[in-house]
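Next, two complexes with chain A in common: one pairs it with chain B, the other with chain C.
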Partner chain A sequence: MTQEVTVNIDGAFIRAPKGSTVLDAALGAGICIPHLCRVPYLEDIGACRLCIVEHIENGRSKITTSCTLLVQEGMRILSNTDRIRKLRRNIAELLVTEAPNSRAIQDIALRCGVVETRYPFRNSDCVLCGRCVRACTGHFGEKAIGFVGRGKDRRVESPFNLYSELCNECGRCIDLCPMTIVPCDGNMKPGEGRLCGNCESKMLTEEAAQGYCIGCYMGDGFQCERSITNTL
Partner chain B sequence: MSKSRLKTIKDLAPLRNSLIKEREKLRATIVICGGTGCQASRSLAVIDEVKKQLAKHKLKKSVNVRTTGCHGFCEQGPVMVIEPDEIFYCHVSPDDAAEIVTKTIRDGEIIERLLYTDPVSGKTIKTESEIPFYLAQDRYLLAQNRQVNPCSIEDYIAIGGYSALAKTLFELPPESVVKEIVNSELRGRGGGGFPTGRKWAECREAPGDEKYVICNADEGDPGAYMDRCVLEGNPHLVLEGMMIGAWAVGARKGYVYVRNEYPLAVKHIQLAVEQARKLGILGENIFGSPFSFDVDIARGGGAFVCGESTALMASLEGKVGEPRPKDVHTVVDGLWHKPTTLNNVETWANVPSIIKNGSSWFASKGAKGSKGTKILALTGHIKNTGLVEVEMGKSINDVVFGIGGGATNGKAIKAVQTGGPSGGCLPVEKFDLPVDFDALADAGSMVGSGGMVVMDESTCMVDVAKYFLTFLQDESCGKCVPCRLGIDRMLEIVTEISEGRGTSDHIELLEDLGDTMSTTSLCGLGKTAANPVLSTLRYFRDEYETHINEKKCPAGVCQALITYIIDEEKCTCCGLCKRACPHNAIAGKKKQVHSIDVDLCQKCGICMSECKFDAIQIQ
Partner chain C sequence: MPSPTITTLLEGHRSQPHQLIEALQDVQKHYGYISEDSMRSISDELGVSLMEVYSVASFYKAFSLQPRGKNIIAVCTGTACHVRGAKMVLNQAISQIGAEPGEISKDGLFTIEHVNCLGACALGPVVTENESVHHHMDPGKLRKLIKSLKKGDKEGASHV
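What follows is the complex of A and B.
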């Protein structure tokens, strides 16, 4: 039998198997911490930083990503404080202005409370969440694609940008990509300051969005792999 | 001289004594700096010529020529010191070699024109120790650079090298070594300022038999070269520090991660490792003790982010140099998931003297909370560019004006940028702050690795922020969102401001974004990337506001916000500017006041530098 520890997340005492992450423990208990780069069963790299939480240790609060933080007995976590909400909103704003035409990222942004954006839109094809790369290298060990370059030149490519013979065309990378989910048909054009609002219909209220599953578009496989029914 | 393996500890002292005796026989030693700074001013040619002249005058056997690492006074390079009288010559050229050998060495005369002239009193100064630049410093680490040839282990042993290691292996159990370092209150010199003793203690206590020590020599801050000079000038000191650390934490293997852009440092540390292996100082059963340790050199591929501990370890493991989350510290889960102690070059270099002289000796120097000395790289608009070593707690004023000699060209100093791209800019009003970890961090900057870029009034702070953001945009690994997109957006906004498209919301947005980046980024690079912007916003907010509200650059740097005009009264109609302008933007016939066509002008500034009458001005 696996050992279990008890952690306190947002006041709820949650039992989780030793070695699991705080994010897994929270999601399992119905506390939806927004996240993008995390894929179940793949290595967590802490790249998108959306799943940040406050870890209270010796009276001091430390902000870290819950997908890389392992559960420990007696640990105290706050996932939905004003500070966290503000930081998360800012990160989501960076993401959504980079790729305003991705429905998945729009949903995450709305879920994080982004209503108005302060940066001009760019139409990137990729937000470098690394889901595809880890699916290819981690799950199947194929390494047909990987990250190339650094900083602003970082991109996902096959070796030497040629079709890789290592690819067995499983299509998992496409399944996991937040960008291929049907693009929003709203008028998200560069230079516009507001999100289109088509996605807002899924929201109950902005208040309710903070902390509870609102059954966003990706609910079935992408965002929290829980359907709305077992949440509410 | 016996150069055979030192089988037991008893072999070390006789070797040292014989080396010292051999050196006492010499009539004089000519010390010439072969550091990178002096090499750039042709010190290698000087060395060749001096050797030739010595051979010519049959002084080769009685006079030793020692090529050393950096002495610190790079502004005066190539520098030469003649022992035992410590005569200091600066700006030595190969043509001077004959005169130096015949006059100073043979006849004992001093060559007045090669002496250093004190800019304050105007008098020449004969010996190195009397020079104000050195007098104002507290040189412990850098002073050794003059005493050793970095390619010679004998030189290092002759000045007492490896005695701290011998003391450690035979007198101090690992726990006592850790305790000494804890008591010395040594803090990491690489930037973070983490207490070294605590790091060692945690690594020692971490479970596992296989542990590693790493020396981080991937120094990449613009304008900083402390680690380079220590590694180039005294590699055995760093090795000895690492060996003491390895004994303390229980490691058998060490790595020096040095950037490939430092070819001399790579060469010297490789040579040092080979020499130490030959003498039995590295390898199995060092000095006949049960302790075995070896070091490998790894060369960095030129990524700034690889100076970050986890990225460095990933790079050592053969993976892409990207940081990983540090929820479990590297002292427990480091290189190949084994407990690892990683310290910076300067930190390791401090260790032998702490062991030799005791922790209380080290703790007696410096300020509260920041003990010991720190090497600082003084660069920028300053008279005495070079490396300086001061006790921590000395004020910035003392460093910039006292040691650095103030600004060049008589301009007023405006700010100093400390700590490289992760640090911040401090205005001249804050120059009474002490150089210590906590005081500078409270002021929104940091000691960092010790870079100090001094800026005078001709510097635009918005432009400075833009420069560092451009650097960081290239050097960020791009893994996490706040760092990659945050820097990108910050640069976008700062560029807008510098090109006259800034709005009043931009300052608030920069501060908000900066806060998000520094709290949520994955590694130290992202966490500190906003500092150049945040610190300039804190102390030079009015400059940003002038850029935004009045669309003007007060320092006349931001090209989009300046126009070149010709002062009609000063213009002598010489036509120099007209001929120099590559864009044909200047009109005017002979004996007719010239004028600049604003539409054609590309603001390159060539006309301004060509004009001999200061008639071209920036508006």
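What follows is the complex of A and C.
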């Protein structure tokens, strides 16, 4: 039998199996913490930083990514405070200006309350979430693609930028890529990047209500467990 | 080409994935850079995937993936050196050698690099030529340095 611990997330006492992450526990209990780089069956690396939470320990709060934070007995987590919302909005704003051509990222930005952007749109086609890289290395281990370079030159590539003979064309990297779901209006050309905001009517944008599940649709592979179980 | 010697280079690292950086350092020291072939050999010998070798080699600035010249001239472009005219020194070096930073010169003798700080700010602008440090550089002194290096190479052995 798996051992269970009790954690306090946003005031709710949640039982979660030992060794699971705070994000998993929260999503399992229907507390929606926005997330992008997480894939349920892959190792989490905390790349997108969207799932940040406040971890209160000895009266001090520490901000960390919930996907890399393991549950502990008696933990106190706050996922929807003013501070978190402000930081998360900033992160979502940066992500959407980097890659406005993704329905998933546009929806996440809207969900995190981004109404205007203060940065120029880059129309890049990668946000380095690492979903493809982890799909290729983690579970099945082909290791045909990976991160190359560092800092602003970091990119996803195969060795020497040649077609890797290790790739067996399973297509898992493409299935998991947030850039494959284009916004409803179609692709934006460079320089025409904007917030699409198409789904505004469907989304609950009121800031304080962000902790509740609204059954958002982020495209295949991006739903949390709750919406998957709802549709089944 | 590197096959017979690279196996001896990797002798101590065989089947030890955690020694990846040491292996790369040895190859870099021996060949001056890390070629595609040597990366493939390292991947085979150490049992690390090629992707991982390539990721690590491209991550660290200490590893060069392009061939480098016999003499490596590193111009410091840190704040203190910049204020004292490192830009002029760098431009002088580029025009003297005829290659952009990171590239190898046509005669295969020189590679220029720019580094962010050498930790000798009081002596700026600082230039290191191979392992020796030259202080208070200006375009004129650099020209002389490059000339003497070229001469040394022509005369043969004497210059190390």
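In this text, the second predicted complex is superposed on the first by the 206 of 232 C-alpha atoms of A that agree within 3 Å, B and C clash if a C-alpha of one lies under 4 Å from a C-alpha of the other, contacts with A are read in each partner's own complex, and residues count from 1 in each chain.
Simple rule for what comes next: contacts are C-beta pairs under 8 Å (C-beta built on N, C-alpha and C of every residue); 3 or more make two chains touch, one makes a residue touch a chain.
A quick note: this is a predicted structure, and the numbers were derived from the prediction, not measured.
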| item | value |
| --- | --- |
| Touched partner set for A:Leu78, first chain B, second chain C, both or neither | neither |
| A:Ser158 touches, of chain B and chain C: first, second, both or neither? | second |
| Residue contacts with chain A in the superposition, chain B compared against chain C | B |
| Contacts of A:Arg150 with chain B and chain C, given as first, second, both or neither | both |
| Interface residues of chain A shared between complexes with chain B and chain C | 147, 149-150 |
| In the complex, chain A residues that touch chain C | 137, 143-150, 158-160, 164, 166 |
| Residue ranges of chain A touching chain B (in the complex, touch as defined) | 45-50, 52, 63-65, 68-70, 87, 90-91, 94-95, 97-98, 118-120, 127-128, 130, 147, 149-154 |
| Complex contact set, residues of chain B against chain A | 303, 305, 320, 324-325, 327-328, 473-482, 484-486, 488-489, 492, 505, 509, 512-513, 515-516, 519-522 |
| Touching residues (chain side chain C, partner chain A) in the complex | 36, 39, 49-55, 58-59 |
